[in-house]
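Letters A, B, C and D name the chains as they come in the text, with residue numbers starting at 1 for each one.
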Amino acid sequence: MKLFEYQAKDIFRGAGIPVPRSEMARSVEDTVNAAEKTGFPCVLKSQVLQGGRGKAGLIQIVKNPEEVEKAASNLFARDVKLLLVEEAVSIKKELYLSVTVDPVRAKALIIASAEGGVEIEELAVNAPEKIFREEVDITAGLQSFQATDLAYRLSCDPIEAKQLIGILRRLYSVFAKYDAELVEINPLFITREGQLIAGDGKLIIDENSMNRQEGFERTREYYDSDMEFEAAKEGIPYLQFDGDISLMCAGAGLTTTVYDLINYEGGSVANYLEFGGPNYRKAVRAMELCLQNDSKVILVVTFGTIARADVMAEGIVDAIERLKPDRPIVVCIRGTNEEEAVKTLRNAGLEPLFDTEEAVRKAVQLCK
Amino acid sequence: MKLFEYQAKDIFRGAGIPVPRSEMARSVEDTVNAAEKTGFPCVLKSQVLQGGRGKAGLIQIVKNPEEVEKAASNLFARDVKLLLVEEAVSIKKELYLSVTVDPVRAKALIIASAEGGVEIEELAVNAPEKIFREEVDITAGLQSFQATDLAYRLSCDPIEAKQLIGILRRLYSVFAKYDAELVEINPLFITREGQLIAGDGKLIIDENSMNRQEGFERTREYYDSDMEFEAAKEGIPYLQFDGDISLMCAGAGLTTTVYDLINYEGGSVANYLEFGGPNYRKAVRAMELCLQNDSKVILVVTFGTIARADVMAEGIVDAIERLKPDRPIVVCIRGTNEEEAVKTLRNAGLEPLFDTEEAVRKAVQLCK
Amino acid sequence: MSIFITSDTKVLVQGITGKEGSFWTGHMINLGTNVVCGVTPGKEGQQIEGRRVFNSVRRAVSEFDADASMIFVPPRFTKDAVFEALDSGIKKIVTIADGIPLHEMVQIRAAALSCGAMVIGGNTSGCISPEVAMMGMFPYWIERVYRKGSIGVMTRSGSLTNEVTAMVVRAGFGVSSLIGIGGDPVPGTRFAEMLPLYQNDSETEALVIIGELGGTMEEEVAEAMQQGIFTKPVVAFLGGRTAPKGKRMGHAGAIVTGGKGTVEGKIKALQQSGGVVADRPSKVGELLKEMLDNK
Amino acid sequence: MSIFITSDTKVLVQGITGKEGSFWTGHMINLGTNVVCGVTPGKEGQQIEGRRVFNSVRRAVSEFDADASMIFVPPRFTKDAVFEALDSGIKKIVTIADGIPLHEMVQIRAAALSCGAMVIGGNTSGCISPEVAMMGMFPYWIERVYRKGSIGVMTRSGSLTNEVTAMVVRAGFGVSSLIGIGGDPVPGTRFAEMLPLYQNDSETEALVIIGELGGTMEEEVAEAMQQGIFTKPVVAFLGGRTAPKGKRMGHAGAIVTGGKGTVEGKIKALQQSGGVVADRPSKVGELLKEMLDNK
């Protein structure tokens, strides 16, 4: 679960990592009031989950109330729901810090650079020598000497280094406490006064650890569309597109492959949807989601083991009876108890296919 | 720092380990009231640090107010300051659990037995097969499977085993949180109703970790004598005996050896006192403590490196001038800057010796 | 000889009394797997499919000297179950759990590495050597997919495995040993670490790799091929070629971040190392034929 | 050849800019120790006794390939300092700190064991090979104690070492290498683990062990002697023979609990293994003479 900047910074503040003074604003009026509190100049930062907010114009520096009003109106008009209004700090230098996981070495990995503010991936390509990596044993945690060594590699100034040591230790403890996939400060400002302060904050919590993390409710704001939000509430993996074919497939790998095959065949996808795994009895709900799209065909492809073919076929037939879909359905249901599935589908007047690529071609043809 | 039973049980209770209902009492009247609250029968447990309280008659089971009054009067008359008045539970079985450190294997060590209530060391000698040991990596902590395996070795009854798993995990967390040298439940009762409950509680906190443990003040009650308490406040290692020679030595090993040598020579020690290490400038305070004893001689033996001989000699001379001791002082001060020390001592009219055994013999002779 | 598991491998089942555990234990035995006993705390004395149940792995191992453990416990207990198996010296572990917390999976892999064990999974169907043995959950009764043969299969995806393997079989081949390393971002064992086993397996003539976008596992395979660690023919199928960047489509491990883990990069790496890449499942069988005919 | 440290051993000093660190660095150099550089975070660029100071062990080791680290940091920072030295591959470490938390000392020893390193201490004066090199704090200028010779000395006590060694010297001997393993309940290295070094040291003809009540270290020495791991003459002096049971007299490690670690038990074990035990310091020299004359 990727958090918004303001949430990451709240957590940073709680952990003792310095962040700029800030206020939240949900309207232009709010924003003007908030800016009065933080003082000028200040920064209006759109609280959206997408990356590259700076380039997209979603972060604006403003110097006076007039500028605030103009910028805020503009941002709220762009479907931004929430602004973080932050004091602007005087910047001497920008660093980069993050903690993530190294799947090969099986360690936590701190990545740091004295040249922050840019995309770390670009820096990794263009100037890899400027990136420092520190592996941390996830059972023992970050050792002081590691933080110390890294801090002095980033800055020779003992006053800065000491602040850095503290921030590294706290950032690592956020990583550990919040079961983070990634926690990142980019940029980490060094102000003209020599203070270190987190300019941005990114925190992605591991999905598999959400049940032991408290206080994170998935509201509509975390999703790009109403449909994705609705599907998520059901626990159904769903992505919204605007093509012709609604996918209703089982298995992450197979669904992704069907997505690819449709593109190869010149078709287009209306929605990605998996109803395999724990959801293989949710055919009705899944079809309901597909039908809310403006798609021309629903394509069902499965090849399940535990997600039994007969159960899924019954689900599809049940869904058709209940929802009376207004568009054709292509079915390719295989796996455990396939023979039963075939009977069920034929009895319901469907023509079961057995080859994924054939099913994809048929769905694409039906859209023409 | 060894805690009293009631403190250990307070900590157990806080950690979720079941302990009997109890009240504290500092007088006979208190005890009677407390017993009314816990109900009868109940147990009066003297809160003293020494082991073997049961055999020493310091634990009394009482069945009615009359017995309470009699037993409490008796205990308070025996220099007991505090009683723990505890409900008596119906006992089906007694187990043993402890967590300590294995210095060879460099692990935490859980020791457990289904035959508790006895001295574990006796059991170790008489029936070693009844003792189970579980090594725990102190960085990773106790793993669930270890607690589970141990619990089912102690009891085949799943209801008991599940309680045991919880108690083991909590006991280990007490060990870790309180930097314990030893944490022990002996006996751990299994009641007739099948409930597990800590019959006793022992917790010794590592002295070197006391500065990061909060809430433990060393009051007079922790010491066997006023003198030991007074010395402890100064950070001076001190033990009270009732012989003739006051030791004022430097270094743990050397002081212990001087103690041995006095015994070999037929002398007796009035007090053990180290003023080496960080205390080597505390000669005046150390001699003051010695002079409070009814000793006949003060014996000073040192052989220091950082605890410089010249500084210690000056300290002794200074102490003599200030305190004007009423008994002879034998000095054997060697080590760094020994030549200076010799001059200082001679100038003050003392006759410095250079051989520990000679000094011991002289001190013993002076007592005759 | 199959790899990882043979018909002699003594398999212990952790979580044997659970619904999944008991169901698949039956199937594993049915296929010929040498399941020796099982573990569920508190259930000692029970029997599942004629196998004795113990309270702990230590107790089980003290009676049956197991070589491998098949773990059927929920994700949040998986780390402890793996640690318990490792503690008893078991070096081959399969864990099917889907949803193991990321940091715990890192600890699982770290522990396995430090004691020279191999943990397969989580989020996998496990491994199967058709007609020989199975640790996991495969519909081995579907002849169209699990026919015995000479093609090794390594996969990150369960559903796609049935799909692709069916194509291998349709082309006239069969499977020697199939290992699903799982779809999580941190699998216990990585593709490249399985290669020496397939290389040394006389029954495996060629290898099919079912990969997908995200991570660097396919690139590591390419590197091993370049270093001569693996020299048999390789045909790969990679899902997610057209997946939108930055969206999490498919497995948790299947996400492209910071330009790393693109399917294009993987294809390039594999091709440069002598592998061929199928653009659709049906091509896998065809390409295998070509490669083996040209050998 | 001396043991543990020779005049070639490249010694790094952690905490070199502190009062103790700088003072004893001067003395170590003065005795001939090859101190190559030092570490104190934030003090890089300074010099102590002509040795360069670095911010971290890694930086120091990148310029001076140290073999050993002498640690002069306060007890609560010792674990981190040891871990830092181990991280840079240093295998010989001496830490003098008195007051290392028990659980951290367990972690220190566990870490050292797992990477095949030797940590001497804490709560020790360190080690010295007279006229050769020193890691620690010994008054090597006192000829009456630190005269060079052929007797190895292992000790749990600093003050007692001066006392006993003076008796060895008075009897006409000198010291080959003296190692103080420290007085804590969990020393980083145990007596028995030092024996192979003394056994292989051609300069050591006999070994004096200065032990005391508590723990099982002397018993472990006896066991090693019985197993033939150590075959040279051994004279032991043990403090605390008459110490009252259950009281903590002397070092933290010197306490008899549960009937274990009594001096009587230690004497018996050592004698049964061919060692002799002096009942007072002055006897140590005499017994050495007897043993070496009878050889």
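Here is the rule we use: a contact is a pair of C-beta atoms (placed from the backbone, for glycine too) under 8 Å apart; a residue touches a chain by one contact, two chains touch by 3 or more.
In this text the structure is predicted, and so the values were computed from the model without any measurement.
K.L.:
With chain B excluded and the rest untouched, write the groups of chains still joined, or say one piece.
P.N.:
one piece
K.L.:
Once you count every C-beta pair in contact for both, which comes out on top, A-D or A-B?
P.N.:
By number of C-beta pairs in contact, A-D is the larger.
K.L.:
If you average the CA atoms of chain A and of chain B, how many Å lie between those two points?
P.N.:
57
K.L.:
Provide the C-alpha centroid distance between chain C and chain D, rounded to the nearest whole angstrom.
P.N.:
That pair's centroid distance is 51 Å.
K.L.:
Between chain B and chain D, what's the gap in Å when you average each chain's C-alpha atoms?
P.N.:
28
K.L.:
Using the touch definition from the top, which residues of chain B touch two or more other chains?
P.N.:
Where chain B meets two or more other chains at a single residue, that happens at 139.
K.L.:
Where in chain D do residues touch two or more other chains at once?
P.N.:
Nothing qualifies.
K.L.:
Indicate which of the five shapes (line, ring, star, complete, other) describes how the chains touch one another.
P.N.:
Topology of touching chains reads as other, fitting no named class.
K.L.:
Strictly by the criterion at the top, what is the full list of touching chain pairs?
P.N.:
Every pair of chains meeting the touch criterion: A-B, A-C, A-D, B-C, B-D.
K.L.:
Which part of chain D faces chain A closely enough to touch in the complex?
P.N.:
41-42, 44, 55-59, 77, 80-81, 83-84, 87
K.L.:
Tell me, which parts of chain B touch chain D in their complex?
P.N.:
Result: residues 51, 101, 103-104, 106-108, 119-121, 124-125, 137-139, 176, 179, 181, 206-209, 211-212, 239, 250-257, 259-261, 263-264, 272, 276-277, 302-306, 334-336, 338, 355-357 of chain B touch chain D.
K.L.:
Can you check the complex and tell me which residues of chain C touch chain A?
P.N.:
Residues 75-76, 98-103, 106-107, 109-110, 113, 125, 137-139, 142, 155-163, 166, 183, 185-187, 190, 210, 212, 215-216, 220, 239-244, 246-247, 249-252, 254, 258-260, 279-282.
K.L.:
Which stretch or stretches of chain B touch chain C in the complex?
P.N.:
That would be residues 143-146, 148-149, 152, 156, 158, 161-162 of chain B.
K.L.:
Inside the complex, what are the residues of chain A that reach chain B?
P.N.:
Going through chain A, the ones touching chain B are 139-140.
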